[in-house]
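Below are two complexes that have subunit A in common, paired first with subunit B and then with subunit C.
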Partner chain A sequence: MARFIARRLVGMVAVLFAISVIVFVIFNVIPGGDPAERIGGRNQTPALRAQITKDWGFDKSLPVQYVDMMKKIFTGSLISYQNQENVIDRIKQGVPITLSLAIGAAVIWMAFAMVFGYLSAVRAGAFTDRALTILSLVGISMPVFWLGAMLLYFFTFKWQIFPTGGYVGFTTDPVQWFTHLLLPWLTLAVLFIGFYSRVLRSNMLDVMNEDYVRTAKAKGLSERQVRVRHVLRNSMIPVITLFGLDFGAVIGGGAIITESIFSLNGVGQYTADSIVNVDLPPVMAVTLFGAFFIVFFNTLVDIAYAWLDPRIRLGTAAA
Partner chain B sequence: MATDPYAEPPVLPGTGDYAREAGIPPSEGAAIEGRSPWYLAYRRLRRNRIALAFGALFVVIVIFCLAAPLWSHLVAHTGPDDEHLTEQISINGQPTDVVNPTGIPIGPGLHSKFLLGADQSGRDVMVRLMYGGRTSLFIGVMAAIVTTVLAVILGLIAGFYRGWLDAVIARGLDVIWAFPVLLLGIALGTALSASGSGLKIGPISIPDDSLWIPILIIGFVYTPYMARPIRGEVLSLREKEFIEAAVAQGKGATRIMFTELLPNLWSTIIVFFTLNIANNMLLESALSFLGAGVRPPHSSWGSLISDGYDVIYSAPHLVIIPGIMIILTVLSLNVFGDGLRDALDPRAKVRLEAAALEESH
Partner chain C sequence: MSTPGAGARRSLLSVEDLHVSFVTEDGVLRAVDGVSFDLRAGEILAIVGESGSGKSVTAQTIMGLTRSTNARIEGSIDYSGRDLVTASEEDLQGIRGEEIAMIFQDPMTSLNPVYRVGRQIVEAIRAHRDEPDERARERTIELLDAVGIPDAKRRVDDYPHEYSGGMRQRAMIAMALALEPKVLIADEPSTALDVTIQAQILRLLEELNSERDLAVILITHDLGVVAEVADRVQVMYGGRIVESGTLDQIFYDPQHPYTWGLLGSLARPDRPRMRRLSQIKGQPPSLLAPPQGCHFRPRCPHAFDRCTEVPRLEARVGDSHADRCWLSVEQKRNLRVLESGDIGLEVPAA
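Let's look at the complex of A and B:
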């Protein structure tokens, strides 16, 4: 087990390094024009550009520039030239809001996906299944920002059932926290409900043909017991792997659109605002941290699996 | 026992009962005619009414968008960028401001000009919708071609040569795959469209407002999602006897890749291509909404929503209409692609969209 973890961690460090190089290449190498002009934001002056060129070492060689950029990001001295704000501090402020959004949405999407997937699989071919299939395909085909805009328009403006965007801290007022977050949760969850219920349905249909399911039936378990205790439980394994990946992705930047639609002042909205202002340093930092977080999270999931299932840590899948 | 609604009529898997599958009465016995796998797939697809209906819907949408100049010249008599801020049209005999003094544009109604209303600058939404759809579809299809070409080449090389070349390609794909699609698209989109940048690779330089920027970004971002399964398929095909035979015949590597391996990949490629267009259109709309995709003077369905979002409380039709078009187009491609997959490989266990559909949000 220790060897497996060590190998996995070495692999993780290599991937993190590759990711940081890619981020550097995306922002500093591929685009044309003067990099200082790109980073300087909208209110730049020639003096600021000269300052940036010096700060970032744009007159030096690429490897030196890379080291400078990483130093800036990891020592927390990255500054947005748009409003002279420290990027890392601003991201730290946004994290609790993004977490509130992601965790709530994850609870909703897993609950609905399990119910829909289960119903779809046990009623395969019947009307329920067809209706749920169409419904989940519609969910998958809907642009998230459009869904958010529609919910916002109808529920907060037209019918005024929910408060308009913004965020209220859980410790300030739990009820307000909940009503302010319900629509964003749903917006973020719909795509995943559609996707996960389809995956769960096809997993369940596969598992139903397994020998151990026949054995369970043969030993006299009721249909319901077989479905829940044997079929559903075993079908959830791949779904949970997917969940690990997606949850990491949502925290690592996937909630950008939902946050900006509902004016939740988390990491996502900060990114969205920075894009509008063509303020590159925050976009750089969020891209890097987002990808780092996902890789880190995936490594954790892998290690947890290896701990649960010896076949993984001993087999070739470990590489 | 539960059954899959898209499944075949009772043909036992693995019995090779292709004659029955092709609808030939078993009594014909020895007179069974050989059918190509493509013909069988076509027959299966033809039986899937839902998939066909949605495929037809996609064709209708494409024709709708292609007809943009016709509508613009013959019916609406206005271009997508013509502003009619101070004009009036007659509705029910009443002269009405296209954009009233408080800035609220007219909504949809049965008038040949402004059939779907106007936007806040007094532009005809119907005309803009049709032209915007051309941009969205163009980006969706072109990006899918970029993805497919890159993925097939990388997958073939990695899977055929194996060894260190495969290791390098596979790791590279893994690293790109580690980024969430939207975040990578945003990073590239913002970096490339920031003031005075644009894309510069060697002698090729693309200006920052070109449609090729979002096309290349989207095409690149989705490449690992297609290249990884293709590589896997090539790795397993490579072990088959017909490749051994081709090597024994002295065929070169390039020839084996393109005349032996590629024909066996077509069904995977076709299914991926269809679903990929759908995902591309969703990603394009999200990037355009955030301002990292299509840039003026071009407009797509995503940027129409983005423009209309500023005035959603006074003119919701500017957001609702292009959104419905995106949903219909993406849904039609998803359902048709699904049917295509079932037809080409009825026992497909790998859910392709599992790879292709990750976080388009």
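Let's look at the complex of A and C:
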């Protein structure tokens, strides 16, 4: 198992390196023209351009440019030339907000998806199943911007139950933190609840037909023991994969719309603002930030996978 | 070998006029159509038939494993005074594993891949007994050892994928024996295994039968397996029992043309082979729309007009030997002589 994890971590570093090269190529090499002009932002002067060219090494060879860029990111000296803000500091400010949003939403979506998926599978074909199926499809079909706007309109404007948006740190006031985030959490989670409960349902129905489930029943286990120990665990494997991918994606930029609607000043909002302002350095950094989380959670998924299904451990160790 | 005194032993499990049908999109599928038999203490009863003859459904119905919203189960299965057809799910849970245990055809898929083998057996023990984990584990190691898993102390912590097919079936048998049930239902226990491993598994079942006085229902399509271990044999076709008798009766004095066909298609290395193995022409009946009367009629070379009525399963040649065929004993004897080459029978000295 330790070897397996080590192997995965090495793979993760390799993938991240490849991504950083691709990001560098996409932003600085492919577009042509003067990269300093693109990076300089809206209020640039020839003097600024000259300085950027010198800072980023645009007059040197491509490998040197790449190293210079990575140095800026890792030493935290990447700045936006538009507002002279340090990009890395700004991302650091946004991370707790984005993480609060993503983790809370993930807890909600996994909890509801498991309950709904389980009930649907157990009552397959019956009323509960049909009702949950419709509910899931409604959830999947609702656009995030519309759902967010509706929740805002009813819960904060008409009935004034929740604050209109913004963020309060958990350490500042946990209750305020919770009430500020509940609507964004729900907005983000609804789509995933619908989708995940459908996936879990169909996995469980497949697994219920497996021979080992029949064996479990033949041992004299109760229906519930069979479902929870034998059916659910085996059905969770594909769900965990999806979860890793989606959770990484949500942290790495998937929550842009939700953050914008509820004016949560997280990484997603920062990305949106930077794109609107054609401010390249933050967009670059945020892209790498997102890629890091997606790759990181993929690795976690692989490890969780091996824990859930021992055959995977063997397969990789032998390969 | 047949046990001459078997008829005198008490009946352990008694199936009476069992009907199992499933409602499907294409109509009602009659998988088991009026099956009755007794299982006696300490015997090995073989149920033989091709795919779709209803033998597995019969076996799984005894365990209550065919219960579902689209299944209709009628008749009775009497096990020590309880009717397993009408028993509550809770009662059945108490019987499964504890009183009647079952092993399945495909040992590759019958163990849960994500749990260690030992843990799955411990789970079976703890489902019925309030034993501490430690004791259950020790008992599991003993069981694995008893069914011939080498180095059981270490292998108990292996995952199923680390076992070979034969070992997995042994582990399944160990699991089935864990609570010392009175009845073991073995549903094609050796079909998915190599021939040499098959023989080992059958030998193991035979040993358990004689040493632990375990009654075994052996479901198989393989007459070679039957000849090896069974005391009594029942031949099923199209959801019905068409012939039942002792091993010797079925092999040396078969009464039903379907049994003849089965015997004829058996390769007999102990006899000189004159020609190709014979085969039963045609397809097994559709259980959605079975033929009227005798289910074997469309494929039977000796069918006549009376065969559109269902013959009763009754003793025609001897007390313990029953069949469902309208042909007279005399006619059958003559036909069998004519076809003896095909059936692979020694011509009885008449």
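Throughout what follows, the second predicted complex is superposed on the first by the 288 of 319 C-alpha atoms of A that agree within 3 Å, B and C clash if a C-alpha of one lies under 4 Å from a C-alpha of the other, contacts with A are read in each partner's own complex, and residues count from 1 in each chain.
In the analysis below, a residue touches a chain if its C-beta (ideal position, glycine included) is under 8 Å from a C-beta of that chain, and two chains touch if they have at least 3 such contacts.
Not measured: the values here are computed from a predicted model.
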Practice problem: Classify the contacts of A:Gly220 with the two partner chains as first (subunit B alone), second (subunit C alone), both, or neither. | Solution: second
Quiz item: With the two structures laid over each other on chain A, which partner does A:Leu242 touch: subunit B (first), subunit C (second), both, or neither?
Solution: first
Self-check item: Partner chain in contact with A:Tyr212 - subunit B first, subunit C second, else both or neither
Solution: second
Quiz item: A:Glu37 contacts which: subunit B (first), subunit C (second), both, neither?
Solution: first
Quiz item: Who does A:Leu132 touch here: subunit B (first), subunit C (second), both, or neither?
Solution: neither
Quiz item: Of subunit B and subunit C, which one touches more of subunit A's residues?
Solution: B
Practice problem: For A:Gly290, select first, second, both or neither according to whether it touches subunit B, subunit C, the two together, or no partner. | Solution: first
Quiz item: Taking the superposition as given, does A:Pro310 touch the first partner, subunit B, the second, subunit C, both, or neither?
Solution: second
Quiz prompt | First, second, both or neither for A:Asn234, with subunit B first and subunit C second | solution = second
Exercise. Once the structures are superposed on A, label A:Phe195 by its partner contacts, choosing first (subunit B), second (subunit C), both or neither.
Key: first
Quiz item: Overlap of the subunit B and subunit C footprints on subunit A, residue-wise?
Solution: 125
Quiz item: Hey, which residues of subunit A end up touching subunit C in the complex?
Solution: 125, 210-212, 214-223, 225, 229-230, 233-234, 308-311, 314
Quiz item: Tell me, which parts of subunit B touch subunit A in their complex?
Solution: 1-5, 171, 174-176, 178-180, 182-184, 186-201, 205, 278, 282, 285-286, 289-292, 302, 305, 309, 312-313, 316, 319-320, 323, 326-327, 330-331, 334-335, 338, 349, 351, 353-354, 357-361
Quiz item: Where on subunit C does subunit A make contact in their complex?
Solution: 63, 65, 69, 89, 93-98, 101-102, 104, 106, 109-114, 120, 123-124, 127-128, 159, 161-162, 172, 175
Practice problem: Quick one: which bits of subunit A touch subunit B in the complex? Just the residue numbers, please. | Solution: 15, 18-19, 22-23, 26-27, 30-34, 37-38, 121-125, 129-130, 133, 137-138, 140-146, 149-150, 152-153, 157, 188, 191, 195, 198-199, 202, 205-206, 208, 242, 245-246, 249-250, 252-254, 256-258, 260, 271-272, 274-276, 278, 280, 283-284, 286-287, 290-291, 294-295, 298
